[in-house]
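The letters A, B, C and D name the chains in turn, as written, and every chain counts its residues from 1.
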């Protein structure tokens, strides 16, 4: 059975995976102790002719010990979670200077808004690509995500990244991809009958590839959008 | 056994608390009611904090004087309820009946005034979904001029209408239920089912009635006055 | 006190039962009949919820292939036997809704809350028998409404059992209008039934305990039902309030959850989970209580740490109110709150661990008779442990980022609700069956059912952790759409086949249940040699329960008291003063 | 819309005289399009290889279809001239809309109120069909497999009911639900024919999803077979 997390390609991966494995080991020990204990007790103390159960109501020392051990363990897990959580989703976690994109989720597509040639988001030369997020490798990226209709959840398994996108709210989702390549984006929150088809792609490029791609798409959008963009306002 | 049809078991063993089941049960049930109104009021608070601009200045859309009188009536009905209870404790059957009838009538009046208020508001243009298109309020809000000695009405009142009707509506529903149960208790009082020794039904419905009054005082404060 | 009670007793108890058939079995006010009615209703719903799960598993195991018997379904559900996505979403929604609200909860609270509370505290009936009866029939009408949703235009509710707004509030976006409205209405009505039931249980426990039945002589099953009833009483009205708001949003145009007019979609989640987490404990606490009773009896030993078990139940009940945010870590809630909820959530591990260790302590140095109920109880401990431990993963917010809304969660919740609640229920049903029907269930087939269930159950849900760790999302109709999920297809097929076998295995239980009703071996008053008050009455217990109000002298689990001839000392049996057990009167 | 002026768009309805061959009262005509047709937006169907395989050249979204100076996908109906409240029985044959290559065929069409619409999926991919009428009851259904057919009916007349597929955000169609059978859609060359109109004078309206509506008056003669109309471009 594989309890092994698949390979991940963002800066969050090592820390989240490490925490996962730490918890796996801790819970694994508890699991083995309890299950072996149950099997052992079931065998050892099974009813046999002549056996009489001991009349015991409890043992305060034992109870205090296992209560304390459990409490300390879970508090340690909690404390270890804090810095990682703050890094990924904390209030001011988005690094300064992160490349920004607009992401608009609607049934059942992810529309990505790119800054046009001026490099600024939310200006006239922005262009939109459906279901395609292209980012450079080793750069901080922030997605300004909104939803048009219902709640969606932006999920990139390879980045260990998930964030619900709620209509009426603006979510800032950031990450830093570490390996070029194509990865899948899924919607992780039930959003209607086509939920399972709400699939998109994030392509991590090297910086040169990315610049080239962006320039191409911007030019294409420029030429294509001119008449129809105006018409549809 | 007077209240058996409503609350009582066929027979009660000695209650462990020394308080009869009906009363304990009503207190417990009211715990549930508290949580219900907490959900409504909590949602109101969250929505209002999120969009304070959708709330009209107190007294602009809602008629405070009328509702204040209505509130006063409801508080009076709590008093008449207490009077009814006191009467039967003294074995005063006549007093019990009189005060119960008074309570039922006042409760019914309260609900009627609330229905009138709804009709009036809907006519004026406030619906659960917000302004009614083309209504007086909608036009006034669109024009942006001052309305009724206050500032201009909010441009949108979707949440205001939503919370107003839901909260007062559910309170009204509770009062209506209370009036119906109270009418039943009154009917039994006229049949002489309550005695000095056993008048549990009067006490139990009284508990509910006071609770509903208390909730109204909170609702009146936050919905009408704030 | 005992004398006053005895005077009343003569009037109420053990009189000739001359009620008509309808008063006796249909509109009965007898808590035992109402309990059994709840039980039968929820077992039907359990089978139905299971059937829905099988359809879900068919689609996941064999995506796009025509379902066996699928051609019997109308075109709006399955076209040529191939399930439609909107039907799949409705299945997912209704499987969850039915199992939580119409199967597990009424089995635990409706069946056993009703059946056990008066019997185990020595009361002749509930505090409010008529309200009790009303509660059942209100629940039935809620069930009928819920079922009606399958037959309306647009299909049944399709926003998940959690009904997240705005999807649930917008017929144009979900394609479902009447179905979702019926869903809300049914939950509101069921809520009323639950609240009436809880009021009844709490009053009964507070007020109607037999003389000598002090709080610390109550069996753990009653403590668990009592705390769970308080949770029902306080949590269900929150759901009712939320469902009413949702219903109004759908029907009269209110704006609670409509973001376009300033409504707050997250408000629904806060309300739902503020109800929902206590609900989770409503679904597990009673099972914990039953298992404690069964394990003590099976091990012939007092429950280890009886007092700390009670405090654990109480603290789980309390902590349940301050952890709802852990369902919403990825919802866009204020991230700072995340830490608070992490800590409070992790703290729940403490009382849960206490309970697990105490169950093991109960078995330790006992003399365990592995009857069917005891097997299920031990199975409960083993499986609940897994469910509890997998919960630690998602309470850690960073790990939750990855596994939230994946099959890891599905595995976790089924380990708690199936491995926990349902194994606990199997233990309880097989244990108290003789008291309900006067006959024993078949032990051989009971054991076969247990072992097959245990094997197939783990074959279904254990691999779900694995696919969850690989990122497999919940509630998706066709995983083969995603490249990263394609390698998991064989696992999904394996899970599905195991699920069909697991479902088929439950047929053994159903047959055992039905056949034993008529043909089972006659049970005496106390077939398990247990200490509870219910075993001092005939099986099945008569109307009014006890020939004479019992007086309680002992703590609930006085097994194997040294120096006594029998290895159990019933709660209402005075121990010889000279050999008074040390634990009595705790 | 203003910058559009440089395309000097004109919609011309040139209705030529009906010949003997045409059924009586038939109005035939063309929807003309002058000026340069704008390029239609490209559709990236990479995510749906099954659909992409159905095209040899990169598919575009056929918003503006111009051939030989004629504009396609224009819906023509009679707005006045018919007796008030005129209604006709709906035909028993359904109107059909097909999903083929991740596009709707036809993109614009009319049915009569009460006439069934057959919604067909010719792609082996999931399409959902979300209809958003204002006067009728909307629906949102899905067709996951190739060859699936679903029947739907709108009982009340309503113009330009939007159909869309949310899985493929570019897929859009418009359905006109009419009380009378007098409507037509121009073909890819802009030609249309309105059959069976009784004699009289009518106002016709032509609707295009991008360029809005144009009206024209036409006179249909009673018997004798021929009727002559001229629609002037505005």
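Just a few scattered comments:
Basically, a contact is a pair of C-beta atoms (placed from the backbone, for glycine too) under 8 Å apart; a residue touches a chain by one contact, two chains touch by 3 or more.
Everything numeric here is computed off the predicted structure, so don't read it as measured data.
Taking the mean of all protein Cα atoms as the centre, the chain whose own Cα mean lies nearest is C.
Computed from the mean C-alpha positions, the centre of subunit A lies at a distance of 45 Å from the centre of subunit D.
Distance between chain centres (mean CA atoms), subunit B to subunit D: 57 Å. Averaged Cα coordinates give subunit A a centre that lies 47 Å from the centre of subunit B. Rounded to whole angstrom units, the spacing between the C-alpha centres of subunit B and subunit C is 35.
Residue numbers of subunit B whose C-beta contacts span two or more other chains: none are found.
Multi-chain contact residues of subunit D, defined as those touching 2 or more other chains: 126, 128, 140, 142.
Touching of two or more other chains is recorded for residues 107, 192-194, 197, 199 of subunit A. Chains touching one another form the pairs A-C, A-D, B-C, C-D. Contact residues of subunit A toward subunit C in the complex are 1-6, 12, 15-16, 19-20, 23-24, 26-27, 30-31, 34-35, 37-38, 41-42, 45-48, 51-59, 62-63, 66-67, 70-71, 74-75, 77-78, 80-82, 84-86, 88-91, 93, 107, 149-151, 153, 155, 157-158, 160-169, 171, 184, 186-197, 199. Considering their complex, residues 5, 7-17, 19-21, 24-25, 28-29, 31-33, 35-36, 38-40, 42-43, 46-47, 50-51, 54, 127-130, 156, 158-159, 161-162, 165-166, 170 of subunit B touch subunit C.
Those residues of subunit C that touch subunit D in the shared complex are 64, 75-76, 79-80, 82, 84-86, 154, 171-175, 478. Those residues of subunit C that touch subunit B in the complex are listed here as 1, 4-5, 8-9, 11-12, 29, 123-131, 195, 198-200, 202-203, 206-211, 233-238, 240-242, 244-245, 248, 252-256, 258, 261-264, 267, 270-271, 274, 549. Across the complex, subunit C meets subunit A through its residues 84-86, 88-89, 92, 158-160, 164, 166-167, 170, 173-175, 259-260, 262-266, 299-302, 304-308, 330-332, 334-336, 338-339, 342-343, 346-347, 349-350, 353-354, 356-358, 360-361, 363-370, 378, 381-382, 385-386, 389-390, 392-393, 395-399, 401-402, 404-406, 462-463, 465-466, 469-471, 473-479, 481-484, 559-562, 567, 581-583, 586.
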